[in-house]
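Below you will find the structure I want to go over with you.
Per-chain residue numbering starts at 1, and chain names A, B, C and D are given in the order in which the chains are listed.
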Amino acid sequence: MRIEVLIAGRGGQGILLLGHILGRAVAKYTNLYILGSEIYAAETRGGDSRVDLVIADREEEADFIKVMGADIAIVMHQLQLDAYSHLIKDGAVVFLDRSNVTSVPQRKWRVFLEPYTDIAEREFGTPRVANMVALGHLVRQTSLVPPEGVEEVIRETVPKDWVDVNIRAFRYFLSR
Amino acid sequence: MAVAHPLDRYLRTDRLPTMWCPGCGLGILLGCILRALDRRIREGSLRRENVGFAGGIGCSARMTLYPYFDSAHVIHGRAIPFALGVKIVKPEMKMIVVGGDGDIAAIGGNHILHAIRRNADLVVIMANNMIYGMTGGQQAPTTPRGLYTTTTPYGNPEREINIVKLAAALGANYVARGSVTHTPLLEQMIYKALGKRGLAFVEVLSTCPELFGRHIGFRSPVDLYSELRKRVVVKTRPSVEESDYSWERGFVIGEFVDRDEPGFIEVLQEYTSRARGGAG
Amino acid sequence: MGSATAVLRVPTGKYFINVVKERCKECGLCVFVCPTKVLDKGSERNSRGYRFAVPVRPEKCIGCRMCEYSCPDFAIFIEVGGG
Amino acid sequence: MRVDYVTGNTAIALGSIAAGLRFYAGYPITPTSDIFEFLARELPKRGGYVVQFEDEIASINAAIGASWACAKSMTATSGPGFSLMVEALSLAVITETPVVVVYVMRTGPSTGVPTRSGQYDVLQATYGFHGGLVVPVLAPATPQEAFDLTVRAFNVSEKLRTPVVLLSDATIAHTYGRVVVREPGEVEVVERAKPSVPPEKYRPYDPGEGLVPPMACFGEGYNVLVESLTHDERGYYAPRSDVQRRLMWRLYRKIVESAPELFDYGAAYLDGCDVALVSYGSTSLSTLVAAKILRSEGYRACSIRLRTLFPVYEEGIRRLLNGVGKVFVVENNVGLYYRELRGVLRGSEVVSVPIIDLDLPQPREVVEVVKQWL
């Protein structure tokens, strides 16, 4: 088993945190091997933000740090969807933030189109946890990692005052 | 090792005679250092196994070859960071850095600057013979302006470094200038430096008859020694402003700075102890 | 010539003047700094060809040790005693 | 033991702690500063010291000094800083000082692209210093290897009394991965041999029956001599051909004869291999995938990732690639390590695949170049 995961969006959408929490949860709470890399623009907000993960059940299969054909993707913005859709392969499971994505290319993907940012604002009072809403959705639909593992990682990663709202946001899709 | 001289117990006597030219002041300085150490060891304020030497490259740095202590003869200009590395992990060591004016003030300039800024707990003894000796008589940052050297054949166009002012300005705990022509005073300065926390800096005017002496027309050891002695001005408790370093006006020797601020090592330990949950 | 640590030991009355013959490099500093002109260059040479210093007027020694302190080569030292 | 998810740089810092690091001397430089920052936070908690020096020259010299005070010591830098350190590396070689230098390569020459990757300095890591001897160079490709090889670097350094270069690059520095982190006490740690004779009989550079002398430290009463000049077994300067010859051959032999023991590599798809892609460091990830692609396209390709770059274990490499028709040496530079291998593998056709890319070379790119030669 070998899975490539692409997480992309604009700077400020919490893409790196999302990718880090997912990667860490895979490393610590599954028996899978993982390598990953990050790309971010020099500007903190607005530029490209991207995390690539290569996950495998055998160590030698976790053989690269870049996505060549993503099996799973979260894309949080139209700009990055346009830029990276060629990296997402047919048959992939793709989670798109409807709040920021207006046009979905005609591809043989299994698309989940949900307004993660709007949900975050409406339900949790801040767009900053849209990333966790999306992560919860991914975990629910793919069973890649146990949700408890992700929550554990959120607790050890996110600043104390933010743990609760992040976990609640993460649970949004899991509890539906 | 066979013993004759009272200092032989601190010397690798099987390496004597030293490599220095006849009449070189460096041997006089080494004698002063060893007598000062002897006093410290005898009175119990220093343990012999806790004394370490470090020197870079040059005739002066070769001083590290002779003392019968832990000793390091490293690379040009870098004895200070070497010694500080030892000192940080073994604070009980008394590290003595010996080097020439080229080693300490030219190539090692950045290290002496920052060692003083840190008030690093080192005894730094800079033997200043105003010339590059080992390489054959080239200009040093301490060479008096106007003098001939092999690399300044029309006279040295550069101003001399007054390292006493530098050391004082950057906050060394102890700054003194001595001379091999005034040995009891020099020994006393080194004795004192060995008892200081923080950085103790001793500049030592020394004689290189073979090259510096030849350049200025005092080729015989006695002539150069006598010439330097004439130009040395001994002052009691001189201010830093009085620290004249001048071939014409003379070289003022004495203790310019003597303060007792916490040294780098104890501050580092205090800060480090915070990480371990100490009071800090 | 004797061993590396062979010493010329001269009593002065109150002191002994000791010259480690093989270490002397004939620089003359001890001769120069002695306030009572006790020392002079000798005629005998050590194995390196240097005419080591010798006490020519030992009785004038006042035990000030200026020779010992100014010798760059650990070649001369004063001991108290002998009187 | 625990599982963590960390970058290559953090893995190096964790590995150094596991190996018993007590002194880190550093000067900030991209892309190594997070090793420094991590250790600045963590090492003091364990009784170690982390000090920022005025430059890389001071850092390596302080690390050498600390090693002579018996502390395992390390510094980390990249190209410009390593260039400043090479003189002191030479000192560490002749004084036989254990010290680990982490070299995180970035794009060069000179300032290049400071944040991006390359493998331009692979030869400098061992040939950069004067004196013509060999320094062991270990090259990780993943965070796990970064952790494991850091521990190894310390062990080799202590065992052979030599500086060791851990050669990483900007890609590995920021690659995240699952890492099995072991704590001090959970890894095999080699401590330097101490003298068994009393101080008056101790000769600091006398190797006895072996090639590596036991090492006393400052402050132990042994009156050690750290000597940068050509020295005899006592540490005394001896400008004589016989002494120079004895010293040089011993310093050379103690490293080169350890080559079989130091040799370390990872291999994939070796079965029936006729096209070997040899690589190291981050580029070996591209190569591993490229080999897989070639296999899927019917080529009998394999991938070899060298984890020990120096000393070159010629016998071992020959044995490993025995019978392989074509050997491609893939690296993110103009083809440097290829020069080491072409003379070793006389039975095979050895082809340089130099790829210059600020990012990790794409496996497809490697495949396309290799296929031109097949």
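Quick note on the criterion: a residue touches a chain if its C-beta (ideal position, glycine included) is under 8 Å from a C-beta of that chain, and two chains touch if they have at least 3 such contacts.
The model shown is predicted, which means the values in this text are computed figures rather than measured ones.
Q: List the centre-to-centre spacing of chain A and chain D in whole Å, with centres computed as mean CA coordinates.
A: 36
Q: With centres defined as the mean C-alpha position, give me the chain C-chain D separation in Å.
A: Result: the chain centres lie 57 Å from each other.
Q: Averaging only over C-alpha atoms, locate the centres of chain A and chain C and give their separation in whole Å.
A: 87
Q: When you check chain C against every other chain, which residues touch at least two of them?
A: In chain C, no residue touches at least two other chains, as defined above.
Q: Do you know which chain D residues sit against two or more other chains?
A: As it turns out, chain D has no residue touching two or more other chains.
Q: Is the chain-to-chain touch network here best called a line, a ring, a star, complete, or other?
A: line
Q: Pull out all the chain pairs that touch, please.
A: Touching chain pairs, listed by label, come out as A-D, B-C, B-D.
Q: Which stretch or stretches of chain D touch chain B in the complex?
A: Per the stated touch rule, the residues are 22-23, 25, 41, 44-45, 47, 49, 51, 53-55, 57-59, 61-71, 73, 87-88, 90-91, 95, 217-229, 236-237.
Q: Using the touch definition up top, name the residues of chain D that touch chain A in the complex.
A: 3-5, 142-143, 171, 174-179, 266, 268, 285-286, 288-289, 292, 360, 362-364
Q: Going by the contact rule at the top, pick out the chain C residues touching chain B in the complex.
A: Listed in rising order, the residues are 3-5, 7, 18, 20, 22-23, 25-29, 31-32, 48, 50, 66, 68-75, 77.
Q: Where on chain B does chain D make contact in their complex?
A: Residues of chain B touching chain D: 15, 48-50, 52, 54, 57, 65, 68-75, 78, 80-90, 92-93, 110-111, 113-114, 268, 272, 274-276.
Q: Sort out for me which residues of chain B touch chain C in the complex.
A: Against chain C, the touching part of chain B is residues 2-8, 11, 13, 16-18, 20-28, 30-32, 35, 180, 183-184, 187, 209, 220-222, 225-226.
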